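Notes follow once the structure below has been shown.
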């Protein structure tokens, strides 16, 4: 299959929609990104690769980092220990994270809502310490896609921290139920740093490729996590990867995916390919509007569907 | 692959757990089914077939019928008309159907919760009339798995109707928002009949096979629904097929599936196989306890995973 | 105190606002009432009486009937039996009745939300039978304010029944939890009849006077209910008498009161007076807009405050 | 009326129940208070006074302070400014504070739930500064009941602050909606200090007496707040003074009241008396179990009812 031709067709199809959606504006570093930006990259399991448009512009991956911190945690901590502190169910409504924290005694619905990601981060801090956790996360990403391809944007991290009242609210609430073991300050510090990871779609597709290959990183010939763990992470992306629009994304794209408020989406075709797309305008659910369209078009052009 | 050997291994693995779970007891016809019953059948896309234990005992498929009524509706009504009356998102909590009906002005979260299935049934009545809808549903099932292989259990249907206060509550509520067009009585009549469809797992696997084959029923050489519709139905089964345990089922089994309170589950391996399992004891979420274990074991034995 | 002078002052103060608010339009019999209608009547505990404007026009008291059916029930059934089937707490939000029915296993928050009133009606049917309950309610009202002063508007009752989907939803839901003992049809029949009670404000003030006099009906020299029961009913009116605006009404008027969607409000000054007001335009909470203003003005003019 | 005789009768009636209930144990300073402690004091509007048992033991008034901080705010800030930042409705369920914050965009349900009291405190800080607010609150209390009769328990305040994760969660959440103007740290500092106000029931009854006298402090001959403000505060105590048990308290006691987790309750008989009771064992709703019984008995003994 000629991925490059497919990407060109995709780019043509989404061209009239470029610039649509609402760019996240709660911190200046995100608000200033031009809405027309668009990058798309794909890596096939047989070594194929292709990319188009702003494929080498780095952007803030934000919540997509939750996939990687969960991987890192599952490499280091037993599943029993993890799943007694966070559930694995879709959250239902955009408001539910806080609501469900109360009714579920501080146990978040899944690791991909903010509340759940805070618990994952807390467990990483318990393993590695505050600064150690940041370093481990960065090293993990660098090992996956190349040392020079990923960094933490300090300006973004600082801005996030300064405006993190909603996440601070969640963290204090979880703490009140005894489900955070480290200080709220430390958890927010690490969390805001992981959200500030900056990559291009080319690097992000590379970082996610092991999820399409049963956990194998063929570039380094390393089994990142066991195959069953990969299947579970893909399952979580399918059911919980797009907040309150997980059903809609599955319905339209039909692939495991994880979006971030920076406008990025990582999607996996198990056994076939890793795809990363970026376009900063968001739809009403907080997911990249043009990015989602591009993934729909990509599946349509390539037949790389899973369902 | 030798499916029969795999099923034997699965049967051996779940043997110690047979009889576990709580059999649905809200109507006598369900309550009297022995908890140790267990049937498993698989049909491969290349024509392979295998079954084990009570594979020819008919049982009440209950909510699994929602997959087929949605198919039937998507064959006959435009998607625009459907998706403005029901959403496609997981419902979040076991209580949410009623709660979300209120906050969403009578538009159910998805077609696989009771509220959503009532709207689907209502649309079928608008197409075919009350008795016509029952006939169409039955004919659709018979066409898929054989005229003699499926019937409507009149005793079950009558018992369901007599105790349908919760569903009547939902239907009146939806009507109060203008989202049912036919009378509550007619909608409940058709709905209770579809829930009372009685099949064996062997027939159910046959009925679902087109969902593994991009919509093609190779036995009759008929395209049941277009391939994109199948992908969407599979996506809905993945995110919404197990009520409030959709995430857990995806995490553990990793396949599109739909369960019924009678203890049945239909699972699809796209491009590879259709699997039906039945065991009446339910877990805390209302899904077959041993059935879910059997599907986990089946994926493990065969490697027929999707993610 | 010269009540008539006070009412004239009140009428003058609210004159510029007459006609404001939105008249209930879910049934024609209510929708056709002119928005400018306004009646106000007061009966003092010392025998004083006064009224103004449309004080002799009969109107549909709707939910105000819930006060009287609760009284009638408390005359006939032990409090233990009542309060295990309905709570005594404000419901919190306009949506909560249905929501809380689910989370409270079919036990309504209080007897003045629709769900709770349905349970009260159900208990009356268990005491008196279906037709007997309607008769008892009507007789109770006639005894309080005069045989010729109160009737059931059959057109309103029939219209209510025909559009009672929301209440039917509640009733089926409560039945599914076992908290209605009679058929949904019977409960809705009696409920819609009690809502259709038609009185003037002059008669309504008379009917409520015993609530200001520790339970004594001095006209007949009858103790309607014991004094402690009256105090409890007044307490319920204070905390639960205005749906989701109970707090606002207490804040602004400071008296026990009960409103109906027909635009009526009954308010009690314990030990001093019974006041009835009617004006069909409703505020955003479903309570009479001008009626509430008139009660505020009345308290201000007379100093007949309680707090 | 002989208040002393009434109190003796009350003490005798509650004697068999002393020690019942669960003493708050989230901070040591509260956990160590003996459960059998019980104090009761009443001040009549005609100058009568009586007290019994541990009437001179100081205790932590906790949430009762919310009545006084609201008074202080209403003395200093326009009502318009206050009621656009906090509502006046009962909250409905124990969980709702957080839930409703989300659905109401950071505007708390009423000033007597924690979320609402934090907003009140924030407004006091905007008026007086952080340390100024603490001083104003203390001075206000001292003016009401005597300089030597009230202090802030520094140990309690520090303990509260150290465990204030739930309140910190609320404060950050409100801040995320822009409804706190000062730092979360400052708001929690002042809030934990006001909760740590330590008084005896004799002093507390004195402090609350102006609420029974239309705002007049006859000891100093000062109008603390205008009469309409007093009526509104009494109305808020009636509908919102006992968290999710406001309806039950109104039903059983029938008086405006405010409870605190330290086991105190202040109750007002408008025009007649101010009553303070203290007993640290709490009922399931977090209100003093024996204190509530004592108030019921007091109303029964004296006939000092309002409804």
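Think of it as A, B, C and D in the order they're written, each chain with its own count starting at 1.
Rule of thumb we're sticking to: a contact is a pair of C-beta atoms (placed from the backbone, for glycine too) under 8 Å apart; a residue touches a chain by one contact, two chains touch by 3 or more.
Here the structure is a predicted model, which is why all the values come from computation and not from measurement.
Trainee: Name, by label, each chain that touches both members of the pair chain A and chain D.
Mentor: Where chain A and chain D might share a partner, there is none at all.
Trainee: Quick check on the contact network: minimum steps from chain A to chain C?
Mentor: Step count on the best path from chain A to chain C: 2.
Trainee: With chain centres set to the mean of the C-alpha atoms, which chain is at the far end from chain B?
Mentor: The chain farthest from chain B, judged by C-alpha centres, is D.
Trainee: In angstrom, rounded to a whole number, how far apart do the mean CA points of chain A and chain B lie?
Mentor: Inter-chain centre distance comes to 32 Å.
Trainee: So how far apart, in whole Å, are chain B and chain D when each is placed at the average of its C-alpha atoms?
Mentor: Here the centre of chain D sits 55 Å away from the centre of chain B.
Trainee: How big is the gap, in whole Å, between where the Cα atoms of chain B centre and where those of chain C centre?
Mentor: Between these chains, centre-to-centre, one finds 47 Å.
Trainee: Two or more other chains in contact with one residue: find those residues in chain D.
Mentor: In chain D, 103 touch at least two other chains.
Trainee: Okay, what are all the chain pairs that touch?
Mentor: Every pair of chains meeting the touch criterion: A-B, A-D, B-C, C-D.
Trainee: Quick one: in the complex, what on chain D touches chain A?
Mentor: Within the complex, chain D contacts chain A at residues 95, 98-99, 101-103, 165-166, 168-173, 175-176, 184.
Trainee: Quick one: in the complex, what on chain C touches chain D?
Mentor: Those in contact with chain D are residues 87-93, 96, 100, 103, 109-110, 230-232, 234-236, 238-240, 244-248, 250-251, 254, 256, 270, 305-307.
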